[in-house]
Every structure is written in structure tokens, then in C-alpha cells.
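Letters A, B and C mark the chains as written, and numbering starts fresh at 1 in each.
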Amino acid sequence: MSKIGVYVCHCGENIAGVVDVEDVRQYAEQLDGVTVTRRNLFMCSDPGQEMIRQDIASGLVDRVVVAACTPRTHEPIFRTTLEKAGLNKYLFEMANIRDQGSWVHAHDKYGATAKAKRIVASAVGKAANLHPLEDKFVDVTPAALVIGGGVAGIFSALELAKMGHKVYLVEKQPSIGGAMAMLDKTFPTNDCSACILTPVMVEAANHPNIELLTCSEVADVNGYIGNFNVRIRKNQTYVDWNKCTGCGACAEACPVRTANEFNGGMDHRGAAYIHFPQAVPKKAVVDMSVCINCAGRKLGTEPRISKKTGQPVLAACEKACPSGAIDRSHHLPAEGTLRDIEVGVIIVATGYQVMEKENFPEYAPDSPNVITALQMERLISATGPTGGKLLRPSDHRKPRTISFVSCVGSRDVRHHTYCSRVCCMYMIKQARLIKEKYPDIRIFMHVIDVRAPGKDFDEYYTRARDMGITFVKGKVGGMEILPADQVRVLGYDVDLGSNIEVDADMVVLASAMEQPPTAKLLARKIGLSFDGAGFFKELHPKLKPVETAVEGVFLAGCCQGPKDIPDTVSQAKGAAAAAAIPLCQGKVRIDPTISEVDTEKCSGCGICTPLCPYNAIVLKTYSGRPRAMIDITQCKGCGVCTAACPSAAILLHGYTDVQILSQIAALTRAA
Amino acid sequence: MQTVNLTQMDKEGIAEKVIAMGGEGLLNCVQCGACASVCPVARAGFSLYCKNLIKKLQSGYMEEILEDSSTWACQACNRCTEICPRDVKPSEVVFAFRRIQAEELAISTSAFTPLMSLYETGHAVYNKRSKELRKKVGLPETPPTSIGDPKAVAELQKILDDSPMAELGIFLNLMSRKQEK
Amino acid sequence: MEQFGMYLGCNIPFNAPDIEQSFRQTFPNLGVEVVDLQGATCCPAWGTAPSFDINTWLAISSRNITLAESEQVDIMTGCNSCFGILAEAKHMLDHDPGRKAQVNRLLSKADRKYSGSSEVYHVAHVLHNKIGVEKINASAKYTLRQLKVAVQPGCHLLWPSAVMKVKEKNPFFPTMLKELCHALGAETPHYSRLESCCGMGAMRSTNQERALDTLKDKLKSMKEEIDPDMIVTTCSSCYLQFDNAQKLLRDKGEIDFAIPVFYYTQLLALCQGLDPAQVAAISETPRDEIIVRIQSKQRLLN
């Protein structure tokens, strides 16, 4: 006969304010197998745990039920208590009388108490039938995958590499750097973005522990913490990167002119191009979707021989390349090449996108002089389309009046309800940079309010006012297009209590940062979930900010929510530290509360294999007959197979039939 | 004193009333100002318009603004509703407030003429010269509307007679005249 | 022939019957039969029932829509205000079954029942989306080539876009009316206050001076930015404001120019060679001169 101790927690007033805890304790006293009942203000406190330890040490109890809060946060604490007292930690059961009792029935004290009793009875019923279980361990593949080579991914990769871990850094663009590479200067210090980012990019590329995989994407992910099998697709670049020196001759020679994404579409690049001047790696790619097969050079065909010269007629890029890196006679597969890698942990750092102006019909999206703030970064950058001279897109004249419009797509139920957090600051930054260089330009900042809560941020904002930048409190509701491509901003000044208009030469929209739609595909591959705003969801907003619901997968940077560079880098380093834990331990624990097949009972019918949501079950031949086998590293203990097996051959440890039936019996017995 | 003592503002029932009258989004407003920036009423310089009406109602103003006729300048253009980032539907708050003003008969006498005309002819706007104008352009003197259709007017009056509008006594004279007939 | 129920409203039959005549004469040329909605009342105007009680408004509006339902036609309105009122009413009724039941209880007093089977369109919607610019172009005998038009779509055709079956691509920069004018050969250069309010209606009856200021802003934007030969609208309220209040502004010395104003189907009628004495005969801002120019020999298409 088991000796069950029942410990009822007050959780301060959380439980005791509603549930009559003494009544519950007295009720537990008379349940079968219960030898000890106690209560405490906080069972998870030292004295609370000490109570349990004492009772175990003095031989009073050999099974423990704590009637308190949720096992999600507290089961690990009490299991450790049992372990320290020398009892198998799986001889523990939690009765959640708070989240499922006092909190949901706050207005019904009597009912909440009655329900608490049943929940306790059920836990006691199960506890009587618990068996000791043993943790299992598997080895960890000593390598990490970082997806996304923005500033977040770069820092996560570098941190892990410096700790001595092998890192694969996968970036879908030809170069790492992400959005930060597009910025001119950065608040709150106004240091040049390229000047602080380029050295880190180079460091990452040169680090012996980092393998840089650019133009690459994650095609598939399988496995479990410690042992992920990842298939990487290297997209076709049509340039032999082993030979390419990044001289840019092909880009210059290419006759195609297509919108240059890196410069916000405000200038052009060739079909052959280099991502941006400081690209790392500095390698050329050919964008086949816009290539015009100049010189009739179809891919995978031998060149024509010129009748005049007797020489082969080559495409402009081929001809220009001094190192022979482009050869269109090769038949290169358009879908690129696949490669499988194995890693123990994954950090997702896929960043964000900004909303395009076409999403905002009220803000004159057809005017060339209405641009997004990210385009403005390029327009004032020395490597941008105008070489750093501020010229408006319509006529390449210097603007005299600029309006900045805040909260475009943020804090707006039609788009995103969240605040994008960085817009106020980057608007102020851009306004200051422009004002410093061109004091005669008049600048109006239309804001609902200015959000400058970071270190040194408010001082940065105040300085903008001192510089003569005008702040107008009031959201802009519309725009009209004036002759000569001016834009009339229809605004409202809350402080004046009056409608205002600005005849602006340029309008800058601080458009929202959002999760790009491609994130959905990646999420499906990895099993990540989204928060209400559409960003990747962390495991706990306060205590597990870089962990995810998928063990061994961590988040860094803006893919988890909008943030500035200081916060991005902090989080990236945090994610690296968290990801390093399994890598350092070398082993990961496998929870024993998973399913196991009794090979004697299994008939090999195979019903379970397609049902498993984690692909953990395979049929293997065992003494000449097919038998289901469960991979312990894949099984999550969901119990689907257990319920489905017609031969009752699958046992879910910790949730056996006897255990569950005893719970049901206790619940259905009147309290 | 021009200072408003917020603790002494009696907000009792005001928001509930506005919401019940159709201004359902009243409490969602964050006073960003977007609606006012494009509101023709605000732009023309009227004293009350979407944004500041909403703020006043949220703050417990009612008697102080009940007689202000600016709300009757609202064009119902709905541009505010199209762009409000909080889905307040500001124009509906303006109309809810108008309905409250109407209930208190805090409306200008000129507002009654179209109502009377609506009740009598089925048309809020009617022009006695119209017969002449219609003839001039080659149309029958009477259009195929309620103006020449007593049955249609009677149907309309049945709807109006039992409406809250009738309870205000707006149509009292007309209703008794009808009964005399 | 496709049929539409012609909802006239108040201003068109009583103040601008030449617009009514232009509907009756142009639509058959475009293959559309105009069906009268016998016994229609006011929509009811924003300042009447909608400002007093929602259900009374919806009952009167839905009564008007039932006239079309029993003729088994969709409605087309010539006035933006009427369109706004009827379209919003229909949207509310069709999206709120509880409301619909309440309103049908009121309607039963008039022995009517609203079912929701008829759509509410505006004349501009029918012209642009049902008939199409090609047919309109083909129906014209005279061209407006080299004539500059300032278009006035009017607020209630733009917002709230949620209640409209036919929508502008961008309601803040509407193009439908421009395209309808292009179909007649006219130019429609952009002016900045294109989408802004004309000041008619509630604003004008509340405070005429402010309403005139609002119109003046708009007129000045037209005159100074594009100097048009005429103003063309598909809203009868806007029409009256531009025509009549423009004269008031001139009389007060606030403006020193006169721009002729047409309802779109009046212009279409002139291009179709119809008699101006019937389709464009009543205005306070003179337009005889431009009418003669439009129906001149040089503009005849062969």
C-alpha cells in the first residue's frame, strides 16, 4: 500500500481567497492511501518544500501530491524536491486547483472548493498507481544552425563560434547584413551603420567555426533537440563562387536594368549584380528571372561562333568576367543544390520586412515623392542611389519641405495593432541627419505621440526639437497630390486644436515592421508558433524570451517582435547563450513520459505510423514480422498512438490505463 | 474658472447612451486626430466635429454641448470612418449625438422644415416651381414618386406615426390635420 | 435590354429635372431600360430620420428598396446622398438579421417586406461597370476632344468603401468618373482637391458661409491648377452646389470666374446629340456657350 502525502497550497490569496483549503485538506485525509496532509501559504517556497522533504526522509510518504498551480511552471520544482529527498521524481502528481479552480470560479467559493476536492481525489487516485521512471539521455550533435544573417543572426553565430561551437549561418540573400546593412546612420549615437556592421560581417565570414551559406534557405527540418537533420538548399547563382573575386565587371557589363531592391527600387541593377558594395561574401549572382539572354546565349548551350571573327559569341557577363566564373554553356539546375547537415540546436533570426506604401491608399502611394523610411535610409546613404545627396525621386531636386508620418500601419486595427517600437526613433534620426546636412530644409514630424523610452533616447529626441525640427501631434488622415509632384499633407495639430496642411516636397512614411509572409513556410518546417501579432512566439514572454515551444530552437531579433539594434544584439547574444547549454552539456535528457511499444503484443498492423504527428513511429522487422518502433528522440508523449492501437500494445508511461481509469473513478465518485 | 475639474464631471450614463444610439466605437478612440485632419466640418472651422466631440463625450460633457449645432453640419461623408485606425466609426458617434440632441429637441427650427415636408409629401426637399421646370424640359409635371401617389405617402406616414420621431411631437400638427380629413 | 430601377430622390425630379430627362434619354441608347420606382419617397436624407432614429431610417430606406424588389430590378440612384443612405441601410440590414427583423416589423405596417434581393448601385456604377466605357464611347456622336474637365465624384461614392458593391481602386484618388469622361474624349487633368467635400447638404444648411468657403477652396484648386472648361459630376447635390453656390460666390465677389457644370449624363446626352433644351436646360452658372461648342460641326464623329 502506497503512502501518499497531499500538500495543499494557498498560493497566497490566489487559491485560499476562493477555495476553503482547510476543507480540502481534511477531505484529502480520508482518501485511500493518504498518510499525510498539510497546507502551506506557498508550497513552492523553501519551508513548503522542506515539509515534503521531511516527510519523505522520515518515511511517512512515498508518493507526493501537491494541490496548487500549473505543472507547466511548477512540476519541475517539486520533482527536484523529491529527487533531493531520495525519492524517484516521477512518483509525483500535481492537482491544479488554481488555474482550473480558484481563478475560473472566483465568484463561486463553494463550487470551487467542491471542484478542488475532486481534482485532489483524482490526483491521489493516480498517485497510488504511479511507477518510478528513469530519464533517458541522447548525445548532442556539436553544431548549431543559425537561420538569417541579419545583425541578430551574425551575433548569435559569432557568440557560439567564439565558445568553440561549429555554426552554419544560412542567409537567403547573396550577402549577410540584413536590414542594418541598408541603414545610413543609427540612433541613438548616429554612428555609421556600415562602419559598425561591416567588421562584424567580415569577422563572421572569417571565423574558422562559422560556415557561411548565403543564397541559401532551409528546405526541410527533421529531428529533435540535440539531433536535427536539416536540408539546406543553395539557390542557383549561375556564378562559380570559387572563381568569382567580386570585382563587379559582370554587373557593369550586363545590359539589363531592373529595380534594385537594396536601394528600395530607387535605382537599377543588372541581371548580373553584386548585392551591395560591402557585401560579405562579395560575390556576384545572375538573376535569371530578368536575364535577357543577350547575345542569344541560352543557358546550357554552346556559344555561336561568329562568322566574322571565328570567335565564340559570349554573353556580356561571360565576356566581362576576368576569372572565368560565368560560363553559360554549363547546364546548371535552376532549383540549386541540396545539402544535408546535422545540428544540435537551431537559432531562428529571420528578421522583418517593412510595409510597402501601396498598403496605404490614403497616403498618395502613386506619388513618387511619398517613400517609406527604409527608402529614405538609402536616399541619405553614401552608397545609396544618389550617393548620399538628398534628392527627391520625381525630379532629382533637393526638397525644401519634408513631412514624416508616424504609425503608418502600426497601432492601426486595419493593419497591425502593435507599436513597431523603432519608428519614432528612426524618424527623429533621419530628420536630424537631414537637418544637420541641410539646415534650410523644413521638417515636420506628424506623430500621435513620441515613444523614446530607451537609454539616451529622450535626450536624442529633445535635441531634435532644439535643432528646429517641428513636431506636430496628430495623425495624418490623408494626402493630396499637388502640381509639380508636391504632396499636400492633411494633418491635425492636437495642441493647436486646428487642422493643418503642409505642402511637402517629400513625405516619409514610417511604415510598420512586420513578419514577412515567407515566415509561415519556415514555421511549418520547424514547428514554430506565432503570437497574436504574427511574430514567432517565445516560450514565455518574461522568463523564456529566446526559447520556443520546440525544444532546441531559439529566437533572436525582429522575427520575435519589432526591436532596435541594441535590443536585437542583446537578444541574439541571449539566444546564443541559451543554445549553448545543450551543446556544452553534450547530452540532452529525454523525458520518460513517452510511448513504448510492447513488441510481443504488436500485430504490425501499422495503424499508428501515419497518426503520429511527430513521425516518431516506423515499422521494423522483428523476428521476421513487422513491428512498430518508436524513436524516443522524436516521441513527445502525446498518446495518439496509444489510443489508436487496436492491440493495446502501446504504453504511454505516466499515463497508463490503470492510472487514467483510477483518475476517472475518483472524479466520478461524488465528493 | 476655465479649469475643468474632472473629478466633478458626471460621466454617469453618457457613454452608454451614445453607444445605445449607434456610436458603438466611442470608447475605442485614442484621440489620434486622423479623423479631424480630413473632416470637412473640422476643416471648415466648426466648433464640434468627430474628434473633439468624441473627447468631450468620453470626458462626460453633455449639457455643455447639447445646443451646439455644428454636429448638424456633418456631411456623413464617412471619410473619418474609412481611415480611423481604431475602427471607432466617428461619423456614427456624430450621428448618435445628433440623435441625443434630437431627443432633447436641441435642434434648430430650420431642421423641422424638411421633416414636415417628408411627412406630408414623402420628400424632404420639394420645390413648388418644379412643375414648371419639369414641363420646360419635356417631362410630366409630376414624377412617378410619392408626390403624386397618396398611397405611398400613407405608407410612409404609417411608418412615421409610430416612430420615436412622432413621440417627440414633431408631426403633431400634421397628424391631427390628417385625422380631421 | 438590361433593366434598372431608377431611384430619383428629391433634388433631381424637383430642382434638376433636366438630369432626370438625361437619364431617360441616354440609358436606352446604351442598352439599359429605365424602370420607374412608382411611389418612391425621400431616401430619407441624412438630416431627417437618420439623425433621429436608426430603425425609422432603415424602414423608410428599405421601403424604397422593396419597390425595386417587387419589380425584380436592382436600384440605380443619381444622387450620391441617396446612394450613401440606401447602400448603408442595405449593408446594415443584410449584415444584422436582428435589425432586419425589427425593421420588417415596422415595414409590415405599410404591408411591405424587405428581403434583400435588389442591389443598390449608383448611376456612375452602372455606367462604368455594367455598361462600360466602350459602349459609352460608341454611343457618342460628338467628341469632347481637347476639352478639359474637372471631375467631382463626391464623398458618398467613395466612403465607407466597406458598404459598396462597386469600389474605386483607391477611394482617395478616384478614377471611375475620369474614365467615363475619357470615354467621351475629354481630358481630366488631376487637381489636388479632387476627393474633398463640396460643402453642400448638411454643412450648407447649418452654416452657408462655411459651406461656401469649403466650395471656394475646391473651385480655386480646379481653376488655378487646371483651368477646366467645365466641371462634371455624378452627384446631383454636388451639381447644385457647384452650379448654384458658384454663382453665390461670384455675386459676393469671392471669385471672378465661371466654370460651367454638368451632371455626367447631361454631358453624355449632349455627346449623343440629344436636345439641350431637354437634357441640359436649367442652370445658374451659364453653360450655353460650351453646349454650342460641344454640339458643333467640328466635333461631329463620323
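The definition used in the following text is that a contact is a pair of C-beta atoms (placed from the backbone, for glycine too) under 8 Å apart; a residue touches a chain by one contact, two chains touch by 3 or more.
Here the structure is a predicted model, which is why all the values come from computation and not from measurement.
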Seminar exercise, completed: Counting C-beta pairs in contact for A-B and for A-C, the higher total belongs to A-B
For this session: Would you mind checking which chain's C-alpha centre is most distant from the centre of chain B?
Result: A
Problem set entry | Centre distance in Å when chain B and chain C are each reduced to the mean of their C-alpha atoms | 22
Problem set entry | Centre-of-Cα separation between chain C and chain A, whole angstrom | 52
Seminar exercise, completed: In chain B, the residues touching two or more other chains are 43, 79, 82
Problem set entry | Residues of chain A engaged with two or more neighbouring chains | 362, 478
Problem set entry | Touching two or more other chains - residue numbers and ranges from chain C | 171, 196
Exercise. Touching chain B in the complex: which residues of chain A?
Worked result: 362, 407, 411-414, 448, 473-478, 490-494, 497, 499-500
Seminar exercise, completed: Interface with chain B, chain C side, in the complex: residues 8, 10-11, 13-15, 17-18, 20-21, 24, 36-42, 44-56, 59-60, 63, 81, 84, 106-107, 109-112, 155-156, 158-161, 171, 196-197, 199, 201-203, 205-207, 210-211, 213-214, 277-279, 281-282
Exercise. Along chain C, where are the residues that touch chain A in the complex?
Worked result: 170-173, 190, 192-196, 225
Problem set entry | chain B residues touching chain A - in the complex, by the definition given at the top | 30-38, 42-43, 51-52, 79-80, 82-83, 85-87
Exercise. For chain B, which residues count as touching chain C in their complex?
Worked result: 22, 40-41, 43-46, 69-70, 72-79, 81-82, 95, 98-99, 102, 108, 110-111, 114-115, 118, 122-127, 130, 133-134, 136-139, 143-147, 149, 151-153, 155-156, 158-160, 162-165, 168
